[in-house]
Amino acid sequence: MSTPLIQTRQLTISFGAHKAVNNVSIEIEKDIFTTIIGPNGAGKTTLFNLISGLLRPTGGQVLFKGTDITHLSPLQRVALGMGRSFQLTNVFPALTVQENVRLALQAQARIGYRIFADHRKFRQLNEKTGLLLEQVLLQEKKNFLAASLTHGEQRKLELAMVLALDPEVLLLDEPTAGMALEEVPAMFELLDRTKKVTDKTIVLIEHKMDLVTGLSDQVIVLVNGSVLAQGSPPEVAANPAVLAAYLGGGVLSEACA
Amino acid sequence: MKTPAVIKLVTAGAKDRKQFVAGSAVALIAAAFLLMLPGFAGHATISLFSRIFILAVFGMSYDILRGFTGVINLGHAVFFGSGTYLAGILFLRLDPTPGTLLLAVIVTVVYCSAAAFIMGKIAFRGGGVIACAMITLALGEIVRHLAETWRDVTMGADGLTFPIPYMFRDRLLFYYYALLFLILMVIVLRRFVLSPTGRVLLAIRENEQRAIFLGYNTTTYKMISLQVGGISAGLSGVMFALLTRFANTELLTIQQTLNALLVTIVGGTGTLYGAIVGTAFVQLIQHYLLTLRDVHPVFTRWLLFFGSIYILVVLYMPAGIVGAYRQLADLLSSRNKKKIA
Amino acid sequence: MDVFVMLLVNGLAEGALIFLMAAGLSVILGLMGIVNFSHGTMFLWGGYVSVWMYTKTGSFSLSLLLAMVVGFLMGLIFERFFIRPVYGKVTAQILITLGLMIVFTELVRVLWGPTPLAAVRPPHLAGTWVMGSIIISKYRVFLIVIGIVVALGIHALITRTRIGMIIRAGVQSPEMVQALGIDIRRYFSLVFAGGAALAAVGGALYVPLVGSVWSGMGISNQVLAFIVVVIGGMGSFIGSAVGSIFLGLTGALVAWYFPPAAGVVSVLLMALVLAFRPTGLFGLAVKS
Amino acid sequence: MKPVLKLENISSFIGPFHILQGVSLEVRPGEAVVVLGRNGAGKTTTLRSIMGLVKPAAGVLELEDQSLFGLPSHKIARLGLGYVPEDYGIFNLLSVEENLRLAAWRQDNATKERQEYILQLFPDLKAAYRRLASTLSGGQRQMLSIGRALLNENKVILIDEPSKGLAPIVVEKVCKALLEVKKNTNIILVEQNFNLACAVGDRFYILNDGRTVLDGGIASLAKDRELQKRYLGVVA
């Protein structure tokens, strides 16, 4: 068996008495579309923060292609090929949509230190920017300020920025959060296409499971900081423990209902 | 809440053709006016304008940091003052020749580069805007303190008077040198701002964490920004030495830094040109206030007014003159569009 | 040994003075997330009004009292009219307080002239105690005592009173304090003015020590207070106390053994601390 | 019946972002309403707008006959609104006792009685009375936070996802507490835990993209599997 692209070993972080992520060991294989689901507060975003380096674990390891990256900075992890999006929209608000994406492409093209070249002269980047914006259906908004976009559009912009980095693995933190429900299918279609066209490994956090069943190869259920279940979407959906976790526990329904 | 129009237009760049043409026209008219100014203005006015040109560069150097990178450096005067001191000391110790001036420029660039490196290493060690402001203030004060104590070289609080190369002594000629210096620096800094590096600085100003997650080593970029800002300030300090032929520790104080800060704020931060407009505005007002000395002695304390203007601008006109102008232009153009539609 | 005792007293006295400024600065930073660049101006005004009062009345305690009142009022006015409109905007706060610093430093020059004024120690605190070869200045001991009293006072205030409770809670989340029905802004004003009053008293106590008052003394002492806050960890009260003593003692030692470095030692110390602990010795997370 | 709390077409911004674009809901006397919706739909911002922690830009916001629109948070709180935020809002540097004392703005007998009642309701808090709040577990924090909101005679208590990140057994405790609270006070509950929502709530509102899109009796929601699947993230 090949080494998994991302692996965590007994990954743990506690904030005071609270263990936000508790002893999580997961493996994410290359080219596999993994979705991490779980109720709010289960530690999904914290897990992402640990994998992408925003937080340092209190215990355990994070491995990328078999190498221990637990002590690398976020910057170094990006350089290795990890791109992530954020749950709360995290763009450059007072820059245009185009500029947002262009900055990501520029990072990937490694021309940031060209002090006296005109940034507009890099035609290729501008073309690529156009292509990416087309891909995420934002072409018409390219000269708008990022701050003026709707929530859904901002999520698309985020996705374009992560794609622009051309990372080996995309860590997407609830790309549909805050979108109008009607916009969600388009977003997932976008992800589906990305998965097929670009041949990337995608790890997705999602609160709702039914939306991603068709998309995911593997589902990991996180509850109270620990892995509750793991497997193919049908397997996980059939797991009574998962249902209970989502509904709030069987005992509760008897006690309260 | 609306995003200030300043930022909008700067980032949109000059790709808007109409705006570009308008901008060029303004620049041409201004250049023509400034070129002909010595024909009808007196000596005092010419000196005042030379001063404006040089201090405008100092202001722009500050805008690179504050307006484009979002860094508040309260020790920026170190670069400017050191430029003046280095030039002065060299002119005094060696012959005041163009060769010495060249040497002074080289020494200033090297010195400012090194100082920016050290300052950045300490100030950018985490902690954000607040820590950076406090630390740079402390560093600046230390340099001032050193200059005051090191009397053998700097003459301490008495100040340093020095000769300058012959070719710069003519006020009229110097006016053109200063104008040329300003134009050159505008071209260079504008290029820098529009370069890929300059764009990254904007990204840092907007959202540093996101910039890191795009793979930019933001600390390095901030260091670059400080290098460019520091060296530009140092060069304007050298020019200032040629203008005033005198250096004192005032040039190294927080007050001097605040002068640069004020002109960028009055003119409009993150616009580069705002610093020029702001410098002109502040210098003209200062000049006018000082002529009121005879009316009432309180006008000798013109800093009182300077500080008040400063507070009022921060409270009521945060986008500055250029920003307010652009907002107005924006408003008008959007109204026109609505009419058409 | 006698040199050591002397340096200890000198250092602690310096530390006590710095502490009077740094404590307010630090608590304001922790509670309100504001760096008050006009803090040194309160110190300056404290110095001037106390000298003015002392020459008028000859009463040292009256002059301290006046400094405190003036500092408190200035703090109230600054907070209400200049800080409040820019709450939450870090950059604007820095700029506004810098502006206040310029105006009020200049105002001192208008009122009392640009040249330094002489200041004297009150007779009962002037002079020295001589114990064998050890000579100790009474005034320095007085400063140390004041420093300790103020530190204990603030500590008691923070741990024992309702105001202190609100401050401790507010440092974590001013918003939640407000959502519990407490007008946190009133406490902001109070803390800001209290910090200002402490700084003003610091200025009033500093002036007799150095023998004169001049318009540049605000900024130079503010720099020391900043360094203490950076070293101690921003927003930490304990950190500001420890940092002040640390800075005072090092300053005294260096001034004695290697005077040329006296001007830079504080900054070197700061650089050194930051190199190993970027958040300072007692680092708290600072807002925004 | 006249509603206790009424929101009509509330619009709120966070920075430049238009988060609430028309939220309407009302709480009638004796009622607990549940606000549901996907992550990012604007549920938390709705509660924060009621409390004045986010200043609403437009709309109607009334508590009984008093408009809350534009009032500072502390005044809103004193008019009778208790707030239990998502992250509990417990002050770590204060002891449990101090956390309670801070919230009590009157030190009268009624308050003392209520405090006794709270400690009775949450024996955990009594045991940890003198301890620093930073040592409390998530569940204990939640109880302290709810207890704190009960300390004053509040007309409505706003509770944001009380089950978030808590173990099922703790959620049950919270549920029982909420049922007890409901006897005396109106509640607005933001919740993703469906069973908890059903157990406590009388009526529900669903938010989508910053707008109220649906409301109704909780019983009808409990039957409607399709609706649950669509808005609540329940695994089908």
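The chains carry the letters A, B, C and D, assigned in the order they are written, with residues numbered from 1 in each.
What we mean here is this: contacts are C-beta pairs under 8 Å (C-beta built on N, C-alpha and C of every residue); 3 or more make two chains touch, one makes a residue touch a chain.
Please read all numbers here as calculations on a predicted model, not as lab measurements.
If you compare A-D with A-B, the chain pair joined by more contacting C-beta pairs is A-D. The chain with its Cα centre farthest from the Cα centre of chain B is D.
Averaging Cα coordinates per chain places chain A and chain D 30 Å apart. Inter-chain spacing, taken between the CA centroids of chain C and chain D, is 43 Å.
Inter-chain spacing, taken between the CA centroids of chain B and chain D, is 52 Å.
Touching two or more other chains at once are residues 15-16, 92 of chain D. Residues of chain C found to touch two or more other chains are absent. Within chain A, the positions touching two or more other chains are listed as 93, 147-148.
Within the complex, the chain D residues that touch chain C are 51, 53, 72-74, 77-78, 83, 85, 89, 91-94, 98, 101-103, 105, 148, 152. Across the complex, chain A is touched by residues 15-19, 38-42, 92, 134-138, 161, 163-169, 171-172, 175-176, 179, 192-196, 198-200, 208-210, 229-231, 233-236 of chain D.
By the touch criterion given at the top, residues 3-4, 7-8, 11-13, 15, 188, 191-192, 194-200, 202-203, 206-207, 209-217, 221, 224, 228 of chain B touch chain A in their complex.
By the touch rule above, chain C contacts chain B in their complex via residues 29, 35, 37, 82, 85-86, 90-92, 94-96, 98-103, 105-107, 109-110, 219-220, 223, 226-227, 229-230, 234, 263-264, 266-267, 270-271, 274-275, 278-279, 286, 288. Residues 70, 72, 74, 122, 125-131, 133-135, 137-139, 141-142, 145-146, 149, 254-255, 258, 261, 265, 298, 301, 303-304, 306-308, 310-311, 314-315, 318 of chain B touch chain C in their complex.
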